[in-house]
Structures are given as C-alpha cells and as structure tokens.
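One chain, subunit A, appears in both complexes that follow, with subunit B as partner in the first and subunit C in the second.
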Partner chain A sequence: MEQDDLIITAAQAQLELSAEEEGRLAAAVTEMLDYFSKMSEVDVDNLAPTTHALVTDNALRTDTPNQNNNQKELVDRAPDNENNFIVIPNVL
Partner chain B sequence: MAEYETFIGLEIHIQLLTETKIFCGCKSKFGDEPNSNVCPVCLGYPGVLPALNEEAVRLSYIVCRAMNCRLSENAMFERKNYFYPDLTKNYQITQFSNPFGRGGAFEYESGDEIKKINFHEIHLEEDAGKMIHQGGKSLCDYNRAGTCLLEIVTEPEFKTGQEAEDFLQAFRRTVRHLGVCDGNMEEGSLRCDANISINTPGMGLGRKVEVKNLNSSRFVKKALGYERKRQEKVISSGGIIVQETRLWDEDRSVTRSMRSKEQAHDYRYFPEPDLPPFRPDKNFFAMIENSLVELPLTRRQRLVECLKLTPDQADYICEEKALADFFEKTVGLGADPQLSVKWLMGNAAKELNRTGFQKADLGSEGCPLSAERLTELLMMLADNKIHGKIAAKTLTAVFDENKNPAAIIKENGWENAADDGDLKVIVQKILDENPKAVEQIKGGDEKPRGFIVGKVMAATKGTANPQSVQSLIMKLTS
Partner chain C sequence: MIKIKDWRSYISSIREKDKDINSFLEFADDTSAGTGLISGETLLSRETLLSRVPFGVKDNIAVTGMRLTCGSKMLENFVSPYDATAVAKLKAAGAVPAGKTNLDEFGMGSSTDNSALAVTNNPWDLSRVCGGSSGGSAAAVAAGLVPFALGTDTGGSVRQPASFCGVYGLKPTYGVVSRFGLVAYASSLEVCGIIADTVETTREVFNIIKGKDGNDQTSVEHLPASPEAESIAVLSGELGLSSEVMAGYQKAVDGFKASGYGIIEVELPMLEYGIAAYYTIAMAEASANLARYNGVRYGHRSASAEGFDDLVRKSRDEGFGDEVKLRILLGTYVLRSGFQDQYYTRAQKIRTAVRNEFDKVFGRADLMMMPTFPTAAFRHGNSGLDQFQQKLADKFTVAANLAGIPALSIPVSVENGLPVGMQLMAPVFAEERLFAAADKLALQLPPAVCPGKMEGF
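Our next item is the complex of A and B:
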C-alpha cells in the first residue's frame, strides 16, 4: 500500500499514526491486501451481487411504540454522563 | 452581472410523521428530556438488529408518488460510514444504490409563472442525534438518532434563489397536505441545504459550493443571492471557486467557509446486511395510489375556476389542508363560497387566534367551530335572519360556549328585530320623539341620522338590521 493511501485511510478511521507505526503498518496492510486480492481472480462478470443470503419476504415492523424503561441504564453505561446527556470530549 | 449562468439544487430533509423511529420502537418526538427515547438499537449497542418501520416506508412512497418519481420495486439500504458522534454506530443506514424514488418532477408557482423542477432521487435514512458543544466537552442527546428522515434531492435547475424559495414553500405546503411532515423549520422537521455554481452560459455546471444552515425559507433566497454574487466576484477577478461547504451566517448575512479538511469523502457505502431489500407488491402500490390527495396547486386552481375565489383567497384557503377541507365542507353544506371565505379570513381567523387555536385545528374534535356551525351561521346571515354584527357576536359565543349558532341566537333573542312592519313602528316612534332631528334631516343635514339609528338599535337591543333602519329613516323623513 502506498504511504499516501495509508495516511488517508488512517485519517478516515480517525487514527493518529506515528512515523514508525506508518512504516510498520504499510508493510502489514500490503500483506493483508495481497492475501485478499486472490478474490479478484474470480470471474464475476455476469453475476448479480449477492447482498443477502436468504431473502424471503419484506421484513417490516408496525409503527407502535414499545415500552422500555432502561434508558437510564443505557446512558449510565457510557463512560461519562451529565443531566441525561452522554458526555464526550468536545468534537467541534 | 448577468454574464454568468446560475445552477442551484436543493437537498431537503423532512422528518416523517411516524409514531416511532425508523428501525426501533422508540418514540419519535421533539422536545423530550435528553436520551429519554433511546434503546439499544438506536444507541448502536452491539448485537442489535434494526427492523424497518412500515409507516415510514408508506409515507416515503407517498412523497415519491406525489413528486412523480419512478417508484422502486427493489429498494435497498446501505451503510454510509463516517466517524462522528451524532450517530453511535459509526455509520448511518441510508439508501444509495436503489432508493425508493428516482427522477420525477414537481410544478410550483414562481411569480406569475408555473415552473417545473426535476428530482434526482428521494431516499429514506435515519436522522442523527443532537450535540451541544460546551467548553471542553460535547453533550450528546440521541432522541433524534434513528428518527425517520426522507431526503429529497432536486436537479441543479433553479436559476435564482427566488425560484428555490418559491419551490421550498410549495413543497412544504405539499408535504403538509400529504400529512407526511409538519414542515416546522424552526424545530428542524424540514431542513434545507443548497448547492450553487455559476458558469459562462453554454458551458454547463460550474464548480459547486454547498450552502448549509438554511433554517428558514427566507434564508434560502438571501443566502443564494449572496453566494452567487460572491462567486461572480471571484471569477470576474480571475480567481477560482473552491469546491467547499459554506455556512449561512444570518446575523452577518454572509456565507462562511467551514474550512474542514477537504479530503474527498469516502463513505465506503455497502449493502446493509441486517436489512433485506424492500420489494413492494401490487397491493402496496394500490394502497399508495389510494393515499394520494389533491395537491395544493391543483386545488387552488380548482377553487379559483369552480368556486370563483380570487387567487389571494385561494392561496389563503389552500395554505392548510384542514382549512381547505373545512372551507369546502361549508360550501358542500350550502354556504355561499364568497361569504364563507370572507368569514374564514376575517372573523373566524380572529376568533381562532383569540382562543389559541390554529387554522389546522378547524374541523378537529376539540375546536368549537365546525363546518356545520359556520354554515348554519352564514345561512342565517344570508337569509337576513341576523345581520353582520350579530353574526360576529354569535361566532364569539360559539367559541366561548361551544354551542350551535342557532341556539345562541335564539337564547339571546338576537334574530333580526321583528319584520319590517314592526321595525317601521319603532323607527316612527323614535322619529316622533325627536322632532328636532327630523327637521334637520329634512333640511338636508345628514348628521342626526346616525343619532336616530343609534336610538333604534338601542330600542331593539342591537337586533335591527342597520341597513333596513337607514332605508326606513329615509322613507319616513322624505
């Protein structure tokens, strides 16, 4: 993998890499990509992509509210909260 | 500076009026306590499965159909990957390869012309949560995360901000008529972003700039007008337009660059494995056809042609579906269209305002004024059983006492004073009591006539028809 591509990919994954990590990862990622590139050898020219293994019917849910009372527990599981808000470092 | 051609496209997001969110049973409600309408699904906890809300699908197809789109028979959902804490999953479930609607067109009025805008596509997606940024931290509220959001993308065919604004207003009216969205821009249930580019005529689209933060239809025209001038200045002075996203700053009336690192976004869309495709059958499409209603523009034209409303009156009536339905019901019940529209625009509007009701409440159960009651009142007025002032008083009483107009009028003895014979006797009596005034009137002085009318009205407790009194005075003093 080219160094530029690695830097862009890391930025999109919100990863900060040191120069040493960049060097190490570039080699490792290249190896992984090579491994999967075997898949490109398969001839799929006249095949529609399979996105779901078993599709029988439309799976729809009626528009009725369900009662769950564990909101507080769900918020409590976040690392930090305040007045029912989940608190994270400023991302603006 | 008309040497450049302008291309404007809109992206409109509407929140669908469903009870629950798109993929879970949490309530879809604005203004609740933070994180009170959340569950493991919309908070993106591991191991959960989304389940598509059928009402969201129905409302989406109604919009697609009303906008004359090609309706998808094999709609797909995709994951759009991005890292931002307004969604906890690190992706948004949206539609990419096969949205519900493609193509389509919509006619709207701009100035005195009927114009047409084409659509690129209409797709359904989950809305993101809200964040408040304070000092070193950001506060996240996921009540809105996972609510049903329909995105409507137009082709870049508007030539001016005015056209874009006129379309947006017509579109808002339409989705309200369809009953799919409340169209409240302040609360964000209808949001609008625009893209704009300019180029030398004949050269096609220029390099486009996205303008965000258009939270009112008024901002659309202002922001796009500003942005067009800014781009003209840049190009005229030999500069190049930077493809970027800019924010409308309403306080300063300028657009500002968001200065985000302009890396080409790569959302790495891929099919959502947790949601099967949606493949509607004949029954579904038939149900969508049956859910359609007459759209405001068509209805407005019909009211002008068939019921002889003026264009202004028809605009007023068609602004709200409930009001238009109410008006047509009174006409169906026998009210004169002109009388009905005048009362709806005048006294009825005033009474609604006074009692804290909206025009949209007309015809609903809680509102004291029903179409039947207004028709009863207007027919009594038209038949000369009461006069205008009494009708107004009765309307107030309808709202205050929640009773039928005829009953109120009867209880208070408000029917027009007697027949003409009785009224003539009363007027003659008042004239006899005021010989000086009679002499003045006979001498050509108009002033005492008002005085006499006042006396007659007092004697009949306001029930006399002032016009009849006037003509009797004229007759009896000549």
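Our next item is the complex of A and C:
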C-alpha cells in the first residue's frame, strides 16, 4: 500500500497513527494485501457470494414495545456524564 | 465433574495455582457481582448436572457485574451490564463463573500474546504460548482450574488453543449457539465454543448452551443430524506439518482405523485460498464492528483530546493495540469503493467454493479429519512464529468457519512433551457425530493429563 493510501485509509478508519506507527504498520499491511492478491487466481465467475453460512429466510419478528429499565446503568458507563447525558468536548 | 463445596478456598487455590500460568484476568471474588455468585444460598439448594460446577469465561463474553475487557486497553475498566445467553443458560443450569480468562485483544491472534493486559503461559511448558485467541480458557482447563470454559471461534480460536494445551475444543455449527453477549469481531464467522477436559463435559455443556435465541437474529435451532459415521476423509498429499504434529496425525489415523472407521483420501483445492478469503472477510467485518469504540459512550477516552473528532481518533489510537489497528486498516481498505470486487466480494465467492468442496467431501465421507495447527505450541516472543506466519498457519481451522460447519479439536498425543491436537469436522448440525468419534478415539488414544494438573478441591 502506498503511503498516501495508508493515510486515507487511516482517516476513514478514524485512526490517528503516529509516524512511527505508520512505518511499523505499512509493512504489515502491504504484506497482507500482497497475500490477498492470491485470490485473483481463482475463477469465481459462476459462484454466488456467501454472506452467512446458514442463511435460511430473513429473520423477522413482531415489533412489540418493551420496557428496559437499565438506562442509568448504561449512561453510567460513559467516560463522562452529567444529569443523565453523555458529555463530550464542544463540537462548535 | 468437580462440584465445589467451599468456594472461597476453591477460588484462593486456583488463584495461587494460576500465578505461573496467568490464565485468568479476573476471579469471581474480585467483584461484588462475582462474590455474590459464589456466596449465594442458591448454590447449595438444588442438585442439577452442573450445580456448583465452576467454569471459565473468555473475557469477550459478558457476565453481569464482571469486567469485559476483550484483552484491550480500550475496555480495561468496562463492567458488563448483562449476561451473554450462553452464560445465562449455564447459570440457570447451576454452573458458576469462576472468572474471566485472557485472550488476544478482541480475539485477534493465535497465541494470546496479543493481549494488552497479561501474558498467559502454556501449563505444559511455561516458556511457550497457550495458543489463541481463547488461550486463557484452554490453559485454565488444561491446568485443572476449571473443568470447562467458554471461548469464541472466528477462525480457530477455540480449537487451536485447545490443541496447544491438550484439551478438547468445540466450534459448533454457525448460529447454533447464540452470539448475544459476545463482543463482535467478525459476525458472519464467529461462534461461541467450548473448551473442556473430557468429551462428556463438552457434550453436556453444548446441549445446555445451544438453541435459537430471540436476542440473536442469526441464531438457529439445532436440528441434530445422524450421529452414525463409518468413514473419515483425510487430505491427500503433503500437509506441511512439524514432525510432532505429523507423528500425532499418524497416530490419529491409525487410532480411527482401529476404531473401525474407513479412511478416504480427498482433495480440498480451495484450502489454499481459504486464508486469504477468511482474513479479507474477518478484517472487513472487524473494521465495521470496531467502529463503535470511539471514546464516547463507553471504553477508553483520551485525556488529551481537543474537540470531538480529535477525541475519537486519539481514543482509538491509545485504546487499540497494533494487531487490532492492522486489521481495522486492512478491513477499511478492502471495503473502500473501487476495491470491493477485487477483495471482499471475491472472498465471499471463494467462501462459496469452500462450502461446495465440503459438500462434496461429505457426499463421500461422514467426517473429515485435519490437523488443528501445523505446529505444537510455539515459544513466546521472536523465536516463535511471527504474526504473518501465525495467520498462514490458520489454514486448517478457518475452513470450518468459512463453511459454517462444526469442528472438534481432539488431544491425540504428546510429542516431545507438547500436546498435539487433530480436528474432526462434520456437516452442519452433526456435533453428536464428532462426540461419538472422539469417544471412540479416546479408547485407542486416551488423552494425556497435563503435569501438575489440579485434581479435587
């Protein structure tokens, strides 16, 4: 992978990589991508893609209202919260 | 199976024994929720098959009130608000979580050395890895700390550490055990599995945790296939095994022959492409599943961030280890517009080809046997296998995940002091066929007991 591609991909993945990390990961990324190119040897023309091994029908259920009383428990797990809201740095 | 009467003395003795092995990240009595579990009066009030039986839980599977670290700094202090379905079913059957076991960060690795929180040693040889990613679970069972433990298997993560530690490791049919409460890594491939010291325990636990679950829309009811089997397929040609694994392989073939099974040689040409297809799919799914860790609702939040975007990027950079970042980067790349046909869609088509080949094999034979891993447990650090070599060595295990079929790693021999495992594979829903064959093989090749294994409490 070219350096430019790595930077674009890291941005899309919301990863901030230090220069030292970029160097370390670039070689490993390239090694794997080279290995992935092996897949081009396979003739896949008449094959449908498999998304799940055991797909039967679409899984549907009735949309019924349900009570969950663990709201506080969940908000409490946020690194910073106040009055039942999750606090984040100013966006504007 | 061991039934605990005095839980405090039990936990303190396994804590002591675990000092050299480090298989647990947290013991039940480290938390008030866990202490409640081991001191509850209900522990003694009813007698069931699994009542008062302790078990280990890989730390990417949720237990209420206990931590759920995934071996990552990202979730180091996260406490689970609920139980995974498999854990809830075991608790309802009377079994008790003894603690949470170490793993490669988010299940990504084959040694457990990718854990950001602890180094787990193989109880057979402390200088060696216990395998991964469910390495803590396998090491704890081998050392006799618990009779069984839950793990997760995305590309071999239950079977490979079971093989390295000389115990049984079951990867069930995809969807047969609910994934509710498993921290998602590669959703189309992974399944909750069982590591245990006997076939009987593996079977009993499987029968408790299986079944359709309303909380997991990909779960399915188990429709048992015939347990009868007469023939076992093996791969023809050179397998590229270490001398130890080759020796175990030969013993297993001879053992199955002596048990009355016919051995049929087959070819699986797609096995050569399984690794590339598997890692393409797993990394793509991982990049999507791990997008949720952004430092906002839970998990690590960077202390030095200025503004929201900076907070997300810094939290992820500080919270994830190298292997996780590598997989997120590759997964993001193969899903980028313009590359999908070349990588992701092609990998899914190869997945179909792998399934088709297994269909053909199971048209000729009732079971298939392959080595679980090409080597026995390797050493910690640079003298072992590097990360890329470890991925290539997943060749035999990823096939079952791509095809969704069940597979059981069986301890078949000890070579030069290290256990060697072979995996049996079966068509979907034919877990009972695996157990029956493993029972028969155990009469020919009784599993060796790890030196120093704890017995009785």
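The definition used in the following text is that the second predicted complex is superposed on the first by the 89 of 92 C-alpha atoms of A that agree within 3 Å, B and C clash if a C-alpha of one lies under 4 Å from a C-alpha of the other, contacts with A are read in each partner's own complex, and residues count from 1 in each chain.
What we mean here is this: a residue touches a chain if its C-beta (ideal position, glycine included) is under 8 Å from a C-beta of that chain, and two chains touch if they have at least 3 such contacts.
Remember, it's a predicted structure, so these values are computed and weren't measured experimentally.
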Per the contact definition in the header, classify A:52: touching subunit B only (first), subunit C only (second), both, or neither.
both
Greater residue coverage of subunit A in the superposed arrangement, subunit B or subunit C
C
Which holds for A:71: it touches subunit B only (first), subunit C only (second), both, or neither?
first
Output check: A:82 vs subunit B and subunit C. Expected answer is one of first, second, both, neither. What do you get?
first
Taking the superposition on A as described, I'd like to know which of subunit B and subunit C A:13 touches: first, second, both or neither.
both
So, A:29: does it touch subunit B (first), subunit C (second), both, or neither?
second
Applying the touch criterion given at the start, work out whether A:61 contacts subunit B, subunit C, both or neither, answering first, second, both or neither.
both
Is A:38 touching anything from subunit B or subunit C once the two structures are fitted on A? First, second, both or neither.
second
According to the stated criteria, A:91 is in contact with first (subunit B), second (subunit C), both, or neither; which is it?
both
I'd like to check the shared interface: which positions of subunit A are touched by both subunit B and subunit C across the two complexes?
12-14, 49, 51-52, 59, 61, 70, 74, 86, 88-91
Per the touch rule above, subunit C residues touching subunit A in the complex are 78-79, 81-82, 173-175, 188, 214, 217-218, 220, 270, 273, 275-277, 279-280, 287, 291, 294-301, 305-308, 310-314, 316-317, 320, 322, 325-326, 328-334, 336, 342-343, 345-353, 355, 387-388, 391, 402-405, 428
Contact residues on subunit A for subunit B in the complex?
8, 11-14, 49, 51-52, 55, 58-66, 68, 70-71, 74-75, 82-92
Within the complex, subunit C is touched by subunit A residues 1, 5-6, 9-10, 12-18, 21, 24-25, 28-29, 31-33, 35-36, 38-42, 44, 47-54, 56, 59, 61, 70, 73-74, 77-80, 86, 88-91
How about subunit B: which of its residues touch subunit A in the complex?
18-20, 24-27, 33-40, 43, 45, 51-57, 76, 83-85, 131-142, 261, 263, 266, 271, 273, 275-280
